[in-house]
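Common to both upcoming complexes is subunit A, partnered first by subunit B, then by subunit C.
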Partner chain A sequence: MREDLIFSYERENRAVVDDHVSGQGCSVYMDRTRLADAAAMMLEAGYALDDITLLDVSEGIQGQYRFTHWDKQDRVTIRTIAPHDEACFPSIAGVYPGADWHERENMDFYPVNYEDHPNPTPLLLPDDMAEEHPLEKREKDRVSYFDIVPGQKFIECDSDHMLCSCALNLHSAKKDEFPLRCIPELRFKQPDMPANMRLEVEDGDFYSKHFETTYSDDRLVLNMGPQHPSTHGVLRVVLELDGEYVIRAEPVLGYIHRMHEKMGEVKTFHQYLPNMGRVDYLHALAWNHAYCLAVEKLADIEVPRRAELIRVITNELNRLSSHLLWWGAYLLDLGAFTPIMYAFEDRERIMDLLQVITGSRLTYCYFVFGGVTCDVPGDFAERTRSIVHTLRDRLPMFTALVTENLILRKRVEDIGVIDPSMCRRYGATGPVLRGAGVAYDVRMNSPYSVYDELDFEIPVYDGHDAMSRYMVRMDEMAESIKIIEQALDLLDGADDGHIIKKAPNAGFTPPSGEAYAAVEGARGKIGVYVASDGGKKPYRVKLRAPGFSNLSLFAECAQGTLLADAVSILGSLDLVIPEIDR
Partner chain B sequence: MAPQNPLTPAVTTVDSAMIASAPVQKVVDLCRAMSLWPMTFGLACCAIEMMAAGMARFDMARFGAEVFRPSPRQSDLMIVAGTVSKKMAPAVVRLYEQMPAPKWVMALGNCAISGGPFKFKGQYGIIEGVDQLVPVDVYVPGCPPRPEGLLEGLFQIQEKITGRRWWPLPEGFEPSPAGPDSAEVRKPASGEPETGKEGS
Partner chain C sequence: MMNFAAIPEPALRLVLCIVALAVFIGLNGLLLVYMERKIAGHIQRRPGPFEVGPHGVLTPVADALKLVGKQLVAPEGADKWLFWTAPILSFMPIFVLFLPIEFGPNLFGVETNLGLLLILAFAGFNVLALCLAGWGSNNKWGLLGAARAVSQSVAYEIPLLLTVLAVAFMTGTLDLGEITAMQGAWPWQWNVVTQPLAFVIFFTCAVAETNRAPFDVPEAESELTAGFHTEYSGMGFGLFFLAEYAEMIVVCSVATILFLGGWKGPFISGPWWFLVKMYALLTIMMWFRWTYPRVRFDQVLNICWKWFIPLALANLLLTAVLVKVF
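So, the complex of A and B:
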């Protein structure tokens, strides 16, 4: 009965307009055969792909495709469903190349198949786990989608929305015109690669699993990583070189996959908080914030103003320390050793300050549902002011020492061209997008917390190259200082406590529902999707990591560059590998 | 060649020394202890604290261990700083095997010690402790350990190599109950080739 219902919803193209609850402007149900058309339409209308989430419910596997528009402040979710016995979706990687990785990740975690996927190999899991799907729910653990979103919440879609009217047209135009090929064995088979492009894999050779040889014998296949200093962790990039030129660069992920999404389902809402300090340990508080925001939306918790201000201040301090580390490490990649010493000097000051209030130096777990764990000490404002003043005085020195240095400029100017269209297709956000000349920042475009009361600017550079991305981050540090100072001024007047009264305790169970919260992290848009069936543990947690999308454009961006420039591009993306692998 | 099974431990046998005499060994040990070359082997969060330890404030160079080498062939101390996933495990074993002996391993952080926060029932992705793969000399707990912790771990390795502690204890700390004498016991009898690492 219920199964019929969801399929009928899908057919009748109802939608949830649930911005307040789920952070989506609009969500449209669609038959899966129409996905590719819908994606093409979205691209044409200028939407960027955020992520592709799967949700395993008793009706089937629900696919959620989230899109954002940079100017229109519109977040759209296209939902579709595939029954368990033919779990198969059409791939939209042909339209949005960024979907490639999202779909591969989903194939790792769920027993689904994406038809016509260009490269259906495991992404995050080791090859010998190809048959295991860690996020697949057992039959008895599955709940109906209507237990998560109660039926009465479905309301008629505002049919003025572009997507809805188009979707309606799509619905009437095509009915079972293109039946899907739902053959699970299609996974891991790559039929369309010419035979002479495949390398004979010797059994037991541990690095040669995804290699292909080229037509010409003098091309060199080079492994960068997983242990390589300029990949900032354990990223592995398979490079195919012709002399010094990169013919093909393929990042191989999963070397630090830490099961965060699985842990979301086995831990309670509270127990999951420490994980948020470890997804992206350089900007841990942004993840804290995103997860808390999502759960607060779910449980309808209002956060006191003082807590919001403390959140903003600590978040920006954390952003400063993250950018400082990026700055030092990037220059280290490019061969300059001294700057990182300066960067760490300032970073240590910030960490000392954050340590006082959060209790740790790096993997903060400071935000809780309804506020922050403890109030700031009396001298906090004074100390923070003096630290940011020192940093502000030092920024011109950084510019004089490094930014104006000719050697640096030669290494970053006109290197790694990433234009807005590429960002849109791959879903790149953060400084990468702003370095492509698009003024999109979640803090500004869909303000959360108290950002809308503060006066700051979004640095945008139009060069599309590594230098623009560099300059965006340098300017962002100055803006963060501005934000911190304003928020400190406001903090004196806000004395409604650092956490709500009757804050949720460890046994906290939010009502059933789903929520999506996005915040601006140091690397881009961080999104957390939480679905709850009213139990003690989240039913599903999806983490949208900005680095994941930013890295996915590396292959296209690095093609044809010199090897040394590929390193420069990689550094300019500011990667944190555990965040990408999650 | 590193074996396919991620849980196959590394080969740890070492050839005997060319000049096997106690006084020579003592001098060599001291030199080794005071100029350890760690490998730049950042896996996750703990690696950031490892970087911090190398920077001006904590200044690992004071203790002779600042030459972070990106290549295992040039280093003799492997600081496993972070979570070892099953996919990474063969690479860890291979890196260890590529390091020239004598070599030491420090497990930095709870992840490298036991899986840390990522150990839960039904976990599918990580190795619960790097000592399942390579022999570990010193465990430094913390999530992440502070840079001071890393330095203390380094002192312990130096103590393990030379048989005595070289740096003063922080104020208010008791010397470890074992004391320097028992460090002698841990050390192989003179004349044996290897100090820090016995074939296991």
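So, the complex of A and C:
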């Protein structure tokens, strides 16, 4: 009967607003055959694709397509379900090219197919694991969708609601039924190409064997990475070169894939906390924050004000250290050796400070549900002030030494043009989006924690090039310093020593439900989706990594550039590979 | 016992010279490694090497020992013959380059009235070595590095020659000794005063010719991993390294002789003035490396073809006219 209910939702194109409950904004249930049309209309309405989450429940596999609007400050989640025996969705990669990777990732993790996917090859898992799907639930472990989201929790939308009407209009326009073909062999099919076009390599792995050169013999196929100085970790990019010009670039991921999402399902809510420090080791506290926010939303936990302020301060300190490292590493990519040493000098001070508070230098696990693990030491405010003052004094020196250098400007200006439409199609966020002239920042657009009390600006440059992204990050450091100083002032007032109401114990069991929390990380929008069936362990955890979406536009952006510029573009995206591979 | 008197004097001089030069190049290699690392350290606000010996002075010795002791590995698909010829080919001409340089009064290897030509001719060998290294390694990064090295070196030789020619027009000779002799001891009597543009172009081209940052595109670490010497280990790499430093010394020596009055200097002229000027230029080259980002490859060539060659040509024409008029 319940199964009928969810399909009846889809037939009726029901929209449900539950922003306060789960942070997901407006949920629209629709039939999967209409997905491609709906995606096209979402794009037209100016929505950017955040991520595609799959949820394995007893009714089938539910696809959740999360969209964000940059100006309207709202989120729309399109939900559609495919029964287990014909788990197949239409691919929306033709509309949102950014969906390509999300769909490939889902094909790795779940036994699903995406019809007409342009390149259905494994993304994060190795190619010999095509038949294994780590996130597929066993029959006995599956729960009903309505055990996670109880029917009475839905808040029906009235048609006056702006979000809802927008979403409803979306698919009432097209009512044609498209029968969905569901052919399991679609997986891993190769694009139809004449055999002589294939690259003939005896050795070489799955990806180099299936990387076809476009049309001529005198092309050089080059593997940049996974061991290469400027891919910052174990990213691999297969390049097709004509001389030094990049004809085609195809990132190959998965070299540091650790299956964090599966770990989320086998650990309790608490045990999963340390994982968050290891997703993006450069801005670990933002991931801490996102996961804690999601679980707090789920279990309806309140956070004392002092803890919120400490969270903001440490988060911004962490953002500073992340941007400093990016600055040094980016200039290293461009061949300047010295700036990274200057950046590390400042970063070291921040890390020393955070080490005192959190106990670790890189992979912090400091936030817990309902607060932070321990209060800051007495001299914290003083030390932090002196650190940010020193940094503020040094920022002009960085500008004089590096930013105004003619050689640097020639290397970054007009390189790697990324316009807002490209960001929308690929779901790019963070400095990449702000460097494209869009003032979208989660801290400002949908404030969490105490960010709405603080006075700061969102630096935006609309040069669309690597220089704009560079400048955005440089200005963001100054803004972070501003935030830290204000929060420190507030912290003096909130000095009741209350950092957590009641520490949840190991038996912590949130009620069933789902929650989505987004925070602004150093690289963009970090999203954590947690679904719980009322057990001790999350039923599903989905991590939306900003770097994943940002990197997915690299192939389009790098096309036709010089090899040296491709390196410059890669650096300007600020990649952290563990975050992308998760 | 051998009768040294039986050996003809020029031959004896040559042998002695080559031995002395080998020592000079070797010691300078160690010194420059130390200097580079110390300068890099101080520019980056850290002490630099500090552990081996007082203030780390023995670090380059340890480095050299490590390089010598390392196994020589050639990649499987490499053309072994070319692969091992390349580092030797890169290092061998260095001795010839040093022969005509006059370090002090009467302190030179071979007296020749075509010293400048000799240096310029043999300096070209290096391009061949880099090309063979990149090609022979059977490595795509190496190949890209070699292609870059060839186009860069060939391009930058032109303005280099043109500026040298401008000095040759003024002095009317290609003999390095005579060029030194025609300049005075005090800075205003040096060629750099009459040929400032030529000096700037020469020095920049020298940086590019020796593949030093910001023009180090053939081995651009962040783009081509290590460019042409990606596959070299141990002394294969060591020879390229030594050759690069030796070439730096050669170009700085030539710049000293052509533009900065050679061994002549205020108060007491002598080899010490030569060394002071040479090391000052070397320090500037290192300063460049640790300050600037890398110029992009097509920009490197653009600077050469669109700026340096026209400027050097104009400078040469002007010099020719002025020499004729006065």
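By definition in this document, the second predicted complex is superposed on the first by the 543 of 582 C-alpha atoms of A that agree within 3 Å, B and C clash if a C-alpha of one lies under 4 Å from a C-alpha of the other, contacts with A are read in each partner's own complex, and residues count from 1 in each chain.
Operating definition for what follows: contacts are C-beta pairs under 8 Å (C-beta built on N, C-alpha and C of every residue); 3 or more make two chains touch, one makes a residue touch a chain.
Since the structure is predicted, the reported quantities are computational estimates derived from the model, not experimental observations.
Once the two complexes are overlaid on the shared chain, A:V567 sits against subunit C while remaining clear of subunit B. Taking subunit A as the reference chain, the count of touched residues is higher for B when subunit B and subunit C are set side by side.
In the superposition on chain A, contact of A:E244 is made with subunit C only, not with subunit B.
In the superposition on chain A, A:I256 makes contact with subunit B only, while subunit C stays out of contact range. In the superposition on chain A, contact is made by A:L408 with subunit C only, not with subunit B. Looking at the shared chain after the overlay, A:P229 reaches both subunit B and subunit C. Judged by the touch definition given at the top, the superposed model places A:M341 against both subunit B and subunit C.
Contacts of A:T33 after superposition: neither subunit B nor subunit C is touched.
In the superposition on chain A, A:L282 contacts subunit B only, with no contact to subunit C.
Residues 228-229, 341, 345 of subunit A lie at the contact with subunit B in one complex and at the contact with subunit C in the other. On subunit C, the positions that touch subunit A within their shared complex are 40, 43-46, 140-141, 144, 213-214, 216-217, 220-225, 289-299. Subunit A makes touch with subunit B in their complex at residues 125-126, 129, 132, 134, 204-206, 226-229, 232-234, 254-259, 262-263, 266-267, 274-275, 278, 281-282, 325, 340-341, 344-345, 347-348, 361-363, 577-578, 581.
Residues 1-4, 6, 40-45, 47-49, 51-52, 55-57, 70, 72, 82-83, 85-88, 90-91, 94-95, 117-118, 120-126, 143-144, 146 of subunit B are the ones touching subunit A in the complex.
Interface of subunit A with subunit C (complex): residues 220, 222, 228-230, 244, 331-338, 341-342, 345, 402, 405, 407-408, 410-411, 562-565, 567.
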